[in-house]
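Read the structure below first, then the notes.
Order of writing sets the chain letters: A, B and C. Residues in each chain are counted from 1.
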Amino acid sequence: MKVVSVSTSKRVEFIDITSRIEEIIIKDKINKGLCFIFCPHTTAGLTINENADPSVRKDIIEQLEDMVPSDKSYSHSEGNADSHVKASLMGSSLNVIIEDSSLKLGTWQGIYFCEFDGPRKRQVYVKLVDC
Amino acid sequence: MKVVSVSTSKRVEFIDITSRIEEIIIKDKINKGLCFIFCPHTTAGLTINENADPSVRKDIIEQLEDMVPSDKSYSHSEGNADSHVKASLMGSSLNVIIEDSSLKLGTWQGIYFCEFDGPRKRQVYVKLVDC
Amino acid sequence: MKVVSVSTSKRVEFIDITSRIEEIIIKDKINKGLCFIFCPHTTAGLTINENADPSVRKDIIEQLEDMVPSDKSYSHSEGNADSHVKASLMGSSLNVIIEDSSLKLGTWQGIYFCEFDGPRKRQVYVKLVDC
(Lines give C-alpha, C1' and ligand atoms only; values in the text may rest on other atoms or scores of the structure.)
Protein backbone atom coordinates (compact mmCIF):
# COMPACT_ATOMS: atom_id res chain seq x y z
CA MET A 1 0.00 0.00 0.00
CA LYS A 2 1.17 3.51 -0.84
CA VAL A 3 0.00 6.76 0.73
CA VAL A 4 -0.64 9.98 -1.19
CA SER A 5 -0.57 13.08 1.07
CA VAL A 6 -2.98 15.88 0.21
CA SER A 7 -3.03 19.37 1.76
CA THR A 8 -6.31 21.18 1.33
CA SER A 9 -6.64 24.96 1.65
CA LYS A 10 -10.40 25.57 1.82
CA ARG A 11 -13.40 24.10 3.66
CA VAL A 12 -14.67 22.47 0.45
CA GLU A 13 -12.32 21.75 -2.43
CA PHE A 14 -11.78 19.06 -5.09
CA ILE A 15 -8.10 18.26 -5.71
CA ASP A 16 -6.94 16.34 -8.78
CA ILE A 17 -4.75 13.44 -7.58
CA THR A 18 -4.53 11.59 -10.93
CA SER A 19 -0.86 12.38 -11.62
CA ARG A 20 0.10 11.43 -8.05
CA ILE A 21 -1.39 7.98 -8.61
CA GLU A 22 0.15 7.65 -12.09
CA GLU A 23 3.59 8.27 -10.48
CA ILE A 24 3.08 5.27 -8.17
CA ILE A 25 2.15 3.06 -11.12
CA ILE A 26 5.32 4.08 -13.00
CA LYS A 27 7.51 3.64 -9.91
CA ASP A 28 6.03 0.20 -9.12
CA LYS A 29 6.35 -0.84 -12.79
CA ILE A 30 2.79 -2.14 -13.03
CA ASN A 31 2.02 -2.61 -16.71
CA LYS A 32 -1.43 -4.25 -16.48
CA GLY A 33 -3.66 -4.56 -13.46
CA LEU A 34 -5.93 -2.75 -11.08
CA CYS A 35 -5.60 0.36 -8.96
CA PHE A 36 -7.60 0.60 -5.72
CA ILE A 37 -7.98 4.05 -4.18
CA PHE A 38 -9.32 4.62 -0.67
CA CYS A 39 -10.13 7.73 1.37
CA PRO A 40 -9.61 7.07 5.12
CA HIS A 41 -11.52 10.18 6.26
CA THR A 42 -15.21 10.62 7.19
CA THR A 43 -15.55 14.24 6.03
CA ALA A 44 -13.86 13.74 2.64
CA GLY A 45 -14.49 11.45 -0.31
CA LEU A 46 -13.36 10.47 -3.79
CA THR A 47 -14.94 11.02 -7.18
CA ILE A 48 -14.01 10.82 -10.85
CA ASN A 49 -15.17 13.68 -13.04
CA GLU A 50 -14.13 16.26 -15.67
CA ASN A 51 -10.47 17.33 -15.65
CA ALA A 52 -10.77 20.13 -18.24
CA ASP A 53 -13.21 22.91 -17.33
CA PRO A 54 -12.81 23.72 -13.58
CA SER A 55 -16.39 25.07 -13.54
CA VAL A 56 -17.62 21.45 -13.44
CA ARG A 57 -16.00 20.98 -9.99
CA LYS A 58 -17.51 24.30 -8.90
CA ASP A 59 -20.96 23.12 -10.03
CA ILE A 60 -20.65 19.77 -8.22
CA ILE A 61 -19.54 21.53 -5.01
CA GLU A 62 -22.35 24.11 -5.22
CA GLN A 63 -24.98 21.51 -6.06
CA LEU A 64 -23.92 19.32 -3.12
CA GLU A 65 -24.20 22.44 -0.90
CA ASP A 66 -27.66 23.06 -2.34
CA MET A 67 -28.72 19.49 -1.55
CA VAL A 68 -26.94 19.29 1.83
CA PRO A 69 -26.71 22.85 3.25
CA SER A 70 -23.82 23.46 5.66
CA ASP A 71 -25.80 26.06 7.61
CA LYS A 72 -28.77 23.79 8.42
CA SER A 73 -29.34 22.50 11.96
CA TYR A 74 -28.06 18.92 12.38
CA SER A 75 -27.75 16.55 15.37
CA HIS A 76 -23.97 16.19 15.12
CA SER A 77 -22.57 19.19 16.97
CA GLU A 78 -19.14 19.67 15.40
CA GLY A 79 -20.40 21.94 12.62
CA ASN A 80 -19.44 19.43 9.94
CA ALA A 81 -22.54 17.21 9.70
CA ASP A 82 -22.99 18.27 6.06
CA SER A 83 -19.39 17.18 5.36
CA HIS A 84 -20.16 13.65 6.57
CA VAL A 85 -23.28 13.44 4.36
CA LYS A 86 -21.40 14.75 1.30
CA ALA A 87 -18.58 12.23 1.92
CA SER A 88 -21.08 9.35 1.82
CA LEU A 89 -22.69 10.73 -1.37
CA MET A 90 -19.32 10.80 -3.17
CA GLY A 91 -18.01 7.54 -1.63
CA SER A 92 -14.76 6.30 -0.10
CA SER A 93 -13.43 3.69 -2.53
CA LEU A 94 -12.70 3.57 -6.24
CA ASN A 95 -11.12 1.08 -8.62
CA VAL A 96 -9.55 1.89 -11.96
CA ILE A 97 -8.09 -0.53 -14.51
CA ILE A 98 -4.37 -0.19 -15.42
CA GLU A 99 -3.18 -0.80 -19.01
CA ASP A 100 0.14 0.18 -20.61
CA SER A 101 1.40 1.41 -17.21
CA SER A 102 -1.35 4.01 -17.08
CA LEU A 103 -4.77 4.48 -15.48
CA LYS A 104 -7.43 3.49 -18.04
CA LEU A 105 -9.51 6.65 -17.55
CA GLY A 106 -11.66 8.37 -20.16
CA THR A 107 -10.19 11.37 -22.00
CA TRP A 108 -11.91 13.92 -19.78
CA GLN A 109 -11.66 12.07 -16.48
CA GLY A 110 -9.56 13.01 -13.47
CA ILE A 111 -9.57 11.43 -10.00
CA TYR A 112 -10.54 13.94 -7.32
CA PHE A 113 -10.00 14.06 -3.59
CA CYS A 114 -13.15 15.76 -2.28
CA GLU A 115 -12.43 17.83 0.82
CA PHE A 116 -15.62 18.75 2.70
CA ASP A 117 -14.17 19.93 6.04
CA GLY A 118 -10.82 21.55 5.35
CA PRO A 119 -8.34 23.00 5.34
CA ARG A 120 -6.57 19.87 6.59
CA LYS A 121 -3.69 17.49 5.96
CA ARG A 122 -5.24 14.40 4.39
CA GLN A 123 -4.18 10.99 3.05
CA VAL A 124 -5.30 8.72 0.25
CA TYR A 125 -4.42 5.00 0.27
CA VAL A 126 -3.46 3.38 -3.04
CA LYS A 127 -3.01 -0.32 -3.68
CA LEU A 128 -1.89 -1.69 -7.05
CA VAL A 129 -2.41 -5.24 -8.20
CA ASP A 130 -0.46 -6.71 -11.12
CA CYS A 131 -2.96 -8.95 -12.94
CA MET B 1 -9.70 -5.63 -20.28
CA LYS B 2 -12.87 -5.97 -22.33
CA VAL B 3 -15.04 -3.15 -23.68
CA VAL B 4 -18.85 -3.21 -23.74
CA SER B 5 -20.31 -0.73 -26.25
CA VAL B 6 -23.56 0.99 -25.31
CA SER B 7 -25.73 3.13 -27.59
CA THR B 8 -28.09 5.42 -25.74
CA SER B 9 -31.18 6.94 -27.34
CA LYS B 10 -32.32 9.60 -24.85
CA ARG B 11 -30.73 12.41 -22.81
CA VAL B 12 -31.21 10.42 -19.62
CA GLU B 13 -31.60 6.65 -19.67
CA PHE B 14 -30.57 3.62 -17.59
CA ILE B 15 -29.51 0.62 -19.70
CA ASP B 16 -29.21 -2.88 -18.24
CA ILE B 17 -25.75 -4.25 -19.15
CA THR B 18 -25.84 -7.32 -16.89
CA SER B 19 -26.15 -9.90 -19.67
CA ARG B 20 -23.38 -8.20 -21.67
CA ILE B 21 -21.01 -8.67 -18.72
CA GLU B 22 -22.21 -12.23 -18.08
CA GLU B 23 -21.27 -13.06 -21.70
CA ILE B 24 -17.68 -11.95 -21.08
CA ILE B 25 -17.47 -14.13 -17.95
CA ILE B 26 -18.66 -17.19 -19.91
CA LYS B 27 -16.33 -16.47 -22.84
CA ASP B 28 -13.32 -15.95 -20.55
CA LYS B 29 -14.22 -19.10 -18.57
CA ILE B 30 -13.91 -17.40 -15.18
CA ASN B 31 -15.53 -19.70 -12.63
CA LYS B 32 -14.68 -17.85 -9.41
CA GLY B 33 -13.31 -14.36 -9.01
CA LEU B 34 -14.07 -10.67 -9.26
CA CYS B 35 -15.56 -8.46 -11.94
CA PHE B 36 -14.52 -4.80 -12.08
CA ILE B 37 -16.73 -2.46 -14.09
CA PHE B 38 -15.70 1.10 -15.00
CA CYS B 39 -17.45 3.97 -16.79
CA PRO B 40 -14.91 6.16 -18.68
CA HIS B 41 -17.34 9.08 -19.17
CA THR B 42 -17.94 12.19 -17.05
CA THR B 43 -21.63 12.62 -17.87
CA ALA B 44 -22.59 8.98 -17.30
CA GLY B 45 -22.25 6.58 -14.40
CA LEU B 46 -22.98 3.07 -13.13
CA THR B 47 -25.44 1.77 -10.57
CA ILE B 48 -26.92 -1.51 -9.43
CA ASN B 49 -30.67 -1.54 -8.80
CA GLU B 50 -33.96 -3.33 -9.51
CA ASN B 51 -34.17 -5.33 -12.74
CA ALA B 52 -37.89 -6.20 -12.56
CA ASP B 53 -40.24 -3.20 -12.42
CA PRO B 54 -38.98 -0.51 -14.86
CA SER B 55 -40.77 2.16 -12.80
CA VAL B 56 -37.89 1.96 -10.30
CA ARG B 57 -35.45 3.29 -12.94
CA LYS B 58 -37.99 6.00 -13.82
CA ASP B 59 -38.21 7.02 -10.16
CA ILE B 60 -34.42 7.16 -9.74
CA ILE B 61 -34.08 9.27 -12.90
CA GLU B 62 -36.90 11.64 -11.86
CA GLN B 63 -35.63 11.95 -8.29
CA LEU B 64 -32.10 12.77 -9.51
CA GLU B 65 -33.65 15.45 -11.76
CA ASP B 66 -35.58 16.76 -8.76
CA MET B 67 -32.35 16.98 -6.73
CA VAL B 68 -30.15 18.23 -9.58
CA PRO B 69 -32.39 20.13 -12.03
CA SER B 70 -31.15 20.22 -15.63
CA ASP B 71 -32.74 23.63 -16.25
CA LYS B 72 -30.99 25.44 -13.38
CA SER B 73 -28.22 27.97 -14.05
CA TYR B 74 -24.75 26.44 -13.61
CA SER B 75 -21.18 27.73 -14.19
CA HIS B 76 -20.30 25.04 -16.75
CA SER B 77 -21.63 26.36 -20.04
CA GLU B 78 -22.18 23.20 -22.11
CA GLY B 79 -25.74 22.62 -20.86
CA ASN B 80 -24.78 19.38 -19.15
CA ALA B 81 -23.61 20.53 -15.71
CA ASP B 82 -26.41 18.50 -14.11
CA SER B 83 -25.17 15.40 -16.00
CA HIS B 84 -21.73 15.75 -14.39
CA VAL B 85 -23.25 16.06 -10.90
CA LYS B 86 -25.54 13.06 -11.44
CA ALA B 87 -22.57 11.00 -12.73
CA SER B 88 -20.66 11.67 -9.48
CA LEU B 89 -23.72 10.78 -7.38
CA MET B 90 -24.05 7.38 -9.09
CA GLY B 91 -20.29 6.72 -9.35
CA SER B 92 -17.85 5.41 -11.96
CA SER B 93 -16.62 2.07 -10.62
CA LEU B 94 -18.26 -1.10 -9.34
CA ASN B 95 -17.04 -4.53 -8.27
CA VAL B 96 -19.11 -7.69 -8.23
CA ILE B 97 -18.08 -11.15 -7.01
CA ILE B 98 -18.12 -14.04 -9.52
CA GLU B 99 -19.18 -17.55 -8.41
CA ASP B 100 -20.19 -20.52 -10.61
CA SER B 101 -19.27 -18.52 -13.75
CA SER B 102 -21.92 -15.93 -12.91
CA LEU B 103 -22.17 -12.49 -11.29
CA LYS B 104 -23.12 -12.95 -7.64
CA LEU B 105 -25.93 -10.38 -7.73
CA GLY B 106 -29.10 -10.39 -5.64
CA THR B 107 -32.28 -11.81 -7.22
CA TRP B 108 -33.64 -8.38 -8.14
CA GLN B 109 -30.37 -6.68 -9.08
CA GLY B 110 -29.26 -5.57 -12.53
CA ILE B 111 -26.18 -3.52 -13.46
CA TYR B 112 -27.14 -0.26 -15.13
CA PHE B 113 -25.25 2.13 -17.38
CA CYS B 114 -26.64 5.55 -16.39
CA GLU B 115 -26.69 7.95 -19.36
CA PHE B 116 -27.12 11.57 -18.28
CA ASP B 117 -26.15 13.39 -21.48
CA GLY B 118 -27.25 11.26 -24.43
CA PRO B 119 -27.99 10.12 -26.94
CA ARG B 120 -24.40 9.00 -27.46
CA LYS B 121 -22.16 6.05 -28.24
CA ARG B 122 -20.64 5.00 -24.92
CA GLN B 123 -18.24 2.39 -23.55
CA VAL B 124 -17.94 0.40 -20.34
CA TYR B 125 -14.63 -1.21 -19.32
CA VAL B 126 -14.74 -4.66 -17.74
CA LYS B 127 -11.85 -6.49 -16.10
CA LEU B 128 -12.19 -10.01 -14.73
CA VAL B 129 -9.86 -11.54 -12.18
CA ASP B 130 -9.73 -15.29 -11.56
CA CYS B 131 -9.23 -15.70 -7.81
CA MET C 1 -16.97 -15.77 -0.74
CA LYS C 2 -18.32 -15.34 2.79
CA VAL C 3 -21.79 -14.14 3.80
CA VAL C 4 -22.49 -11.80 6.71
CA SER C 5 -26.13 -11.97 7.89
CA VAL C 6 -27.70 -8.75 9.12
CA SER C 7 -31.07 -8.40 10.87
CA THR C 8 -32.51 -4.92 10.74
CA SER C 9 -35.18 -3.69 13.15
CA LYS C 10 -36.40 -0.41 11.61
CA ARG C 11 -37.44 0.86 8.16
CA VAL C 12 -34.24 2.91 7.89
CA GLU C 13 -31.17 2.02 9.91
CA PHE C 14 -27.37 2.00 9.51
CA ILE C 15 -25.70 -1.06 11.09
CA ASP C 16 -21.94 -1.20 11.75
CA ILE C 17 -20.61 -4.43 10.19
CA THR C 18 -16.89 -3.63 10.56
CA SER C 19 -16.17 -6.18 13.31
CA ARG C 20 -18.08 -8.88 11.41
CA ILE C 21 -15.77 -8.37 8.43
CA GLU C 22 -12.64 -8.18 10.62
CA GLU C 23 -13.59 -11.63 12.03
CA ILE C 24 -13.55 -13.13 8.52
CA ILE C 25 -10.11 -11.62 7.85
CA ILE C 26 -8.73 -13.15 11.08
CA LYS C 27 -10.35 -16.55 10.40
CA ASP C 28 -9.08 -16.64 6.80
CA LYS C 29 -5.58 -15.57 7.95
CA ILE C 30 -5.28 -12.83 5.33
CA ASN C 31 -2.35 -10.64 6.37
CA LYS C 32 -2.13 -8.31 3.35
CA GLY C 33 -4.64 -7.89 0.56
CA LEU C 34 -8.02 -6.52 -0.42
CA CYS C 35 -11.51 -6.87 0.98
CA PHE C 36 -14.48 -6.58 -1.40
CA ILE C 37 -17.88 -5.96 0.18
CA PHE C 38 -21.13 -6.24 -1.76
CA CYS C 39 -24.79 -5.60 -0.90
CA PRO C 40 -27.11 -7.92 -2.90
CA HIS C 41 -30.28 -5.91 -2.16
CA THR C 42 -31.95 -3.11 -4.14
CA THR C 43 -33.43 -1.24 -1.15
CA ALA C 44 -30.25 -1.28 0.94
CA GLY C 45 -26.69 -0.09 0.39
CA LEU C 46 -23.24 0.26 1.91
CA THR C 47 -21.33 3.29 3.15
CA ILE C 48 -18.26 4.10 5.21
CA ASN C 49 -18.62 6.91 7.74
CA GLU C 50 -18.09 7.95 11.36
CA ASN C 51 -18.07 5.17 13.99
CA ALA C 52 -17.95 7.40 17.08
CA ASP C 53 -20.85 9.84 17.42
CA PRO C 54 -24.11 8.05 16.41
CA SER C 55 -25.67 11.45 15.58
CA VAL C 56 -23.69 11.38 12.30
CA ARG C 57 -25.67 8.33 11.12
CA LYS C 58 -28.88 10.07 12.24
CA ASP C 59 -27.95 13.14 10.19
CA ILE C 60 -27.13 11.10 7.06
CA ILE C 61 -30.44 9.22 7.36
CA GLU C 62 -32.46 12.42 7.91
CA GLN C 63 -30.67 14.29 5.12
CA LEU C 64 -31.31 11.42 2.66
CA GLU C 65 -35.00 11.56 3.69
CA ASP C 66 -34.96 15.33 3.11
CA MET C 67 -33.50 14.81 -0.40
CA VAL C 68 -35.58 11.72 -1.25
CA PRO C 69 -38.84 11.92 0.75
CA SER C 70 -40.50 8.57 1.51
CA ASP C 71 -43.98 10.11 1.46
CA LYS C 72 -43.74 11.58 -2.05
CA SER C 73 -45.69 10.10 -4.96
CA TYR C 74 -43.51 7.79 -7.10
CA SER C 75 -44.21 5.48 -10.08
CA HIS C 76 -43.08 2.30 -8.29
CA SER C 77 -46.10 1.15 -6.33
CA GLU C 78 -44.57 -0.91 -3.51
CA GLY C 79 -44.15 2.08 -1.17
CA ASN C 80 -40.36 1.77 -1.22
CA ALA C 81 -39.37 3.84 -4.27
CA ASP C 82 -37.39 6.19 -2.00
CA SER C 83 -35.50 3.15 -0.63
CA HIS C 84 -34.32 2.23 -4.16
CA VAL C 85 -33.12 5.80 -4.82
CA LYS C 86 -31.28 5.99 -1.48
CA ALA C 87 -29.64 2.59 -2.17
CA SER C 88 -28.22 3.91 -5.47
CA LEU C 89 -26.99 7.12 -3.77
CA MET C 90 -25.04 5.10 -1.16
CA GLY C 91 -23.90 2.37 -3.58
CA SER C 92 -23.66 -1.43 -3.56
CA SER C 93 -19.93 -2.22 -3.63
CA LEU C 94 -16.92 -1.18 -1.56
CA ASN C 95 -13.27 -2.16 -1.44
CA VAL C 96 -10.97 -1.74 1.53
CA ILE C 97 -7.23 -2.51 1.74
CA ILE C 98 -6.07 -5.13 4.29
CA GLU C 99 -2.75 -4.68 6.14
CA ASP C 100 -1.52 -6.48 9.30
CA SER C 101 -4.62 -8.72 9.18
CA SER C 102 -6.89 -5.71 9.62
CA LEU C 103 -9.02 -3.41 7.46
CA LYS C 104 -6.98 -0.30 6.66
CA LEU C 105 -9.74 2.14 7.64
CA GLY C 106 -9.27 5.65 9.03
CA THR C 107 -9.47 6.10 12.83
CA TRP C 108 -13.08 7.28 12.76
CA GLN C 109 -14.36 5.04 9.97
CA GLY C 110 -16.82 2.17 10.27
CA ILE C 111 -18.44 0.15 7.46
CA TYR C 112 -22.22 0.48 7.52
CA PHE C 113 -25.00 -1.63 6.08
CA CYS C 114 -27.66 0.93 5.11
CA GLU C 115 -31.16 -0.47 5.50
CA PHE C 116 -33.77 1.61 3.65
CA ASP C 117 -36.74 -0.79 3.64
CA GLY C 118 -36.61 -2.82 6.83
CA PRO C 119 -37.06 -4.50 9.11
CA ARG C 120 -35.69 -7.47 7.15
CA LYS C 121 -33.18 -10.30 7.18
CA ARG C 122 -30.33 -9.16 4.91
CA GLN C 123 -26.98 -10.44 3.65
CA VAL C 124 -23.65 -8.87 2.78
CA TYR C 125 -21.17 -10.70 0.54
CA VAL C 126 -17.47 -10.48 1.41
CA LYS C 127 -14.57 -11.65 -0.72
CA LEU C 128 -10.96 -11.46 0.47
CA VAL C 129 -7.95 -11.52 -1.82
CA ASP C 130 -4.46 -12.24 -0.50
CA CYS C 131 -2.14 -9.96 -2.48
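What to note about this one:
The criterion applied here is as follows: contacts are C-beta pairs under 8 Å (C-beta built on N, C-alpha and C of every residue); 3 or more make two chains touch, one makes a residue touch a chain.
Worth saying up front: this structure is predicted, and the values here are computed from it rather than measured.
Chain contacts here are complete: no pair of chains fails to touch.
Annotation: the chain A:chain C pair of sequence copies touches via predominantly different residues, less than half of the used numbers being shared. Mean C-alpha position of chain A lies 20 Å from that of chain C.
Contact with two or more other chains is made by residues 67, 89, 91, 95, 129 of chain B. Those residues of chain C whose C-beta lies close enough to touch chain B in the complex are 1, 36, 38-42, 67-68, 74-78, 81-82, 84-85, 87-89, 91-93, 95, 125, 127, 129.
Within the complex formed with chain C, the residues of chain B that make contact are 34, 47-50, 53, 55-56, 58-60, 62-64, 67, 89-91, 94-97, 99, 104-109, 129, 131.
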